[in-house]
Amino acid sequence: MSEGLPVPARITRVIPETPSVATFEFDAEFSFIPGQFVMVWVPGVDEVPMALSSASSITVQRVGDATAALFRLGPGDSIGIRGPFGNGFPRGKKMLAVAGGVGAAPLLPAVAAGGVEKVLLGARSRDELLFREKFASLASLSVATDDGSLGLPGFVPELLNPEDLASCDAVLCCGPERMMARVLALLVGWGCPGKGYFSLHRYMKCGVGICGSCCIDPGGLRVCRDGPIFSGDLLVEGEFGRYGRDAAGRRCPV
Amino acid sequence: MSEGLPVPARITRVIPETPSVATFEFDAEFSFIPGQFVMVWVPGVDEVPMALSSASSITVQRVGDATAALFRLGPGDSIGIRGPFGNGFPRGKKMLAVAGGVGAAPLLPAVAAGGVEKVLLGARSRDELLFREKFASLASLSVATDDGSLGLPGFVPELLNPEDLASCDAVLCCGPERMMARVLALLVGWGCPGKGYFSLHRYMKCGVGICGSCCIDPGGLRVCRDGPIFSGDLLVEGEFGRYGRDAAGRRCPV
Amino acid sequence: MITLLPGPVSAGGVTLRNHLVLAAGVLGTTGASLLRILRSGAGGVVTKSIGPIPLEGHPGPCLVPIDCGLLNAMGLPNPSVEFLDEISSLAGQPVVASIFGGSPEECAAVCRWFQGRVAGVELNLSCPHASGFGSALGTNPSLVEECTRAVASAGLPTWVKLTPNVTDICEIGRAAESGGASAIVAINTVRAMRISVGLRRPVLGNRFGGLSGRAVFPIAVRCVYELYDACSIPIVGCGGVSRAEDVLEMMMAGAVAVEIGSAVMEDISLFSRIGKELYSPDGIPAREIVGCAHE
Amino acid sequence: MITLLPGPVSAGGVTLRNHLVLAAGVLGTTGASLLRILRSGAGGVVTKSIGPIPLEGHPGPCLVPIDCGLLNAMGLPNPSVEFLDEISSLAGQPVVASIFGGSPEECAAVCRWFQGRVAGVELNLSCPHASGFGSALGTNPSLVEECTRAVASAGLPTWVKLTPNVTDICEIGRAAESGGASAIVAINTVRAMRISVGLRRPVLGNRFGGLSGRAVFPIAVRCVYELYDACSIPIVGCGGVSRAEDVLEMMMAGAVAVEIGSAVMEDISLFSRIGKELYSPDGIPAREIVGCAHE
């Protein structure tokens, strides 16, 4: 019935998570693989990609027009949702999750699905640590904050250590690209880039692998369709951690 | 692959059956119910309905443009075939078949499928009796010819008798409409019009029940889709045996 | 999905039993088949297009089902004035006579045959595959205006059916409105062709034909939406509708009623099926949604 | 099904590796994605349409998959001259640069950027949803002729891509031919719209968009067939092609090569898949079937 058109979803609850992040729960449920995303249509404004933080929610950081407009909506308001799209995180037994900022959103359902033994969570400050309590109840949690207000003062990649890595099967990673690039560099240094699974952000227009706006160098992989999760070995050469493309297709630093 | 487009079929053999009728065998096979028809496209000329006389043949009487053009084709020539369409004859155990002229074409596969105990076959003359030997090898056969050159001199309905009718479950009938109307009248007289199954001919353009050119009064039934086989009780009132419609939709006597 | 309040519908001077109308040329050749569709739940029916002289139509193949739709080039077969006998038993029913002609005078003459016998006429200016008739007129705004005026002067409610095969359908819609149309019907089929790869020739006897069905639904919605902005007479949506949700979508684009043609092939009882899904006693009045996608 | 002899194909001055070309705007934003498609068996690729200034495109939703096709209103997002960096690594490959502009001068200026860097240009006169650009020009025969002449004067093989959203595509085709086009590409998307019934508004950010994919195949075949009769320059067929048999059908209508866009969504390796079915060493030369449905 709905073809590939956006499915209308009524917001049922808005849960403030951090000063800049809120979870929007809606009355539509999607069967999905953790790490998959949806295209969220804020009527009259724009359509933007958002990871599903559960079968019926997204967790959003306010950054610009579309996200600000979303923050002006409340229970009873409708948005449109296409998807879920993309490949999702691999399943496994002994996994590690590394989350930075709102990157915790796709990792929450991955951790909740089981198999992740340890979560490394980072943010600018204690307040900004997303899903801290939820993660703590699901796995062993270590945190880092830029300002040192909780956990290790510094960046979350610094929480990663060779022992954890040696004993785990996979590292699931989502966060700011420079953070992820740092994680990849560590994995490369330890000789196991393929163990890392990185959830990429690129400018997305179609979400279904046809428009080309999300393609990455050097292979022309489509983040929306071949990704958004890529294993680290596919990312060591090319644009990852260096540049991306904007809405017009111009290269811009990440 | 072929959607509803005509399937190309190459004529493999042309078998003369009577002075005006030939069987065209082709290299495409259709799974079909006896009594179903196909739309036969003679390229550059027209597309006309024809019963399947087997899974890979039609048996055609030369009457006008399209059939004459077909008779000019031979092995190696291609035609296009859409279908099979329509409902086909019912299956049963103790059945009677009544065929007039080229109306024997759809009845041959029905008789070959089993269940028909007796065939009543009529034509203008001995030469024109279609599939006489084939029927004789499959069931008990009685014939009638207008000119008396074989069997009962007169019309095939006269071969029908109350005893045969009482002992049979169904009468399958195909031939000129006035012949079929006579059979129906007999069945009505004997109180069992519903035992008769009549294969109707109406002007057909689409074959798939959408254009309306083959609709009959009074119910607006579509011969191509709801038929071409109708049980007699559906035909007792209305146009059957009285009039039909031509290519323009004008009423014309049958 | 929302539902609508049941009840009669007024569309450009024609009173329908509901919003769902049989489109022209589909099972519209006989009175009996039109009655069958009315009895199966249609709110109204449009007849086969009737012209000044009987036509046998194009040689076959005339219609082929294809992925996502139908391709047809019937060639406007019709019995001309004899058709009045067909519909004589339908007096008082919501029947709209589809008519065509090669000139304003011919259109008007055909229209007058139907005076007092139908609820309205639908002027078919848009058949893309009958030379001399149809889209020859329908792509020219001043001819559209003249034909419409000639037909509307007979005093019957006059729907004018448009072809989508033009650069700017709004221009044609405005011409119909100026000519006095009571409503616009959009759209007729989209000019198209398929070729038999096996036989290496166009598959239709007429080579060119018109595409209808699911494939044209987004084109029809676009035309209705554009016309709703350009014109102020009611619009009857047509093209690719096959389910209740499509009816709502057409209405949100601006249609006061909806015609259904090709989808009847899949399911001859679709009018009642759609009606069951579309209407309920606690539904909303249709006026709340007609054109609401323009806000 | 018949098969074709493999080998290079010449289409309006561009030498392709086979008859299958990636259509403009589909995975054509980066050099890497174009290379990926070339490596996966395409005979050539057309880039995203590049214009005089960078554009971010329309607000989303920009594309929705629907029954039988895609509906998009990307709004010609493009990095403008910076795109030269993207394709610098593709020198010598069968790459055609799609270009557009708001006037003959702009079109010509954009074309000159690509001199010596691509095998040819494709002038996009036909995007139905970018105000000021595209179909504003593409529906006007004299503007089409002027733009074509301005671009063709740069000396690169010049394909001109037409919109089907006109009353008479042959008139536009002839204008392109008079302007000096080396080939015509038909068709771009068909103007269309879908409405979200749940949200009661058009689903595309730009409201109107273009329909592509399976739904438009019969429209594209018709346009190619009409243009083949009207023009004497080669025609590149485009619209709804998704399998080897469609390629043959387009060629029988008159196309010397075929572009494929939407179908890449279902299967990014379809160029090699179709190629495997289409070509064999004992196949027939393509010239035997190009236009054969006109006989």
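So that you can tell them apart, the chains are marked A, B, C and D in the order they are listed, and the count of residues begins at 1 in each.
Here is the rule we use: contacts are C-beta pairs under 8 Å (C-beta built on N, C-alpha and C of every residue); 3 or more make two chains touch, one makes a residue touch a chain.
No experiment lies behind these values; they were computed from the predicted model shown.
For the pair chain A and chain C, chains touching both partners: D. Both chain C and chain D are touched by no common chain. Of all the chains, the one whose CA centre sits at the greatest distance from that of chain C is A.
Chain centres here are Cα means. That of chain A falls 67 Å from that of chain B.
Inter-chain centre distance (chain B to chain C, centres taken as mean C-alpha positions): 35 Å.
The mean-CA centres of chain B and chain D are about 50 angstrom from one another, to the nearest whole unit.
Listed for chain B are no residues, as none touches two or more other chains. Each of the following residues of chain D touches two or more other chains: 66-67, 194, 201, 245.
Contacts between chains trace an open chain of neighbours here, each touching only the next in line.
Two chains count as a pair here when they touch; such pairs are A-D, B-C, C-D.
Residues of chain A that touch chain D in their complex: 3-8, 39, 41, 43-48, 78, 80, 82, 205-213, 215-222, 225, 245-251. Those residues of chain C lying in contact with chain B across their complex are 25-37, 48, 54-57, 59-67, 70, 72, 74, 77-80, 82-83, 85-86, 194, 196, 198-199, 201, 203, 205, 261-262, 264-265, 268. Across the complex, chain D is touched by residues 1-2, 66-69, 71, 139, 165-167, 190-195, 197, 200-202, 207-208, 211, 214-219, 221-222, 225, 245, 248-249, 252-253, 289, 292-293, 295 of chain C.
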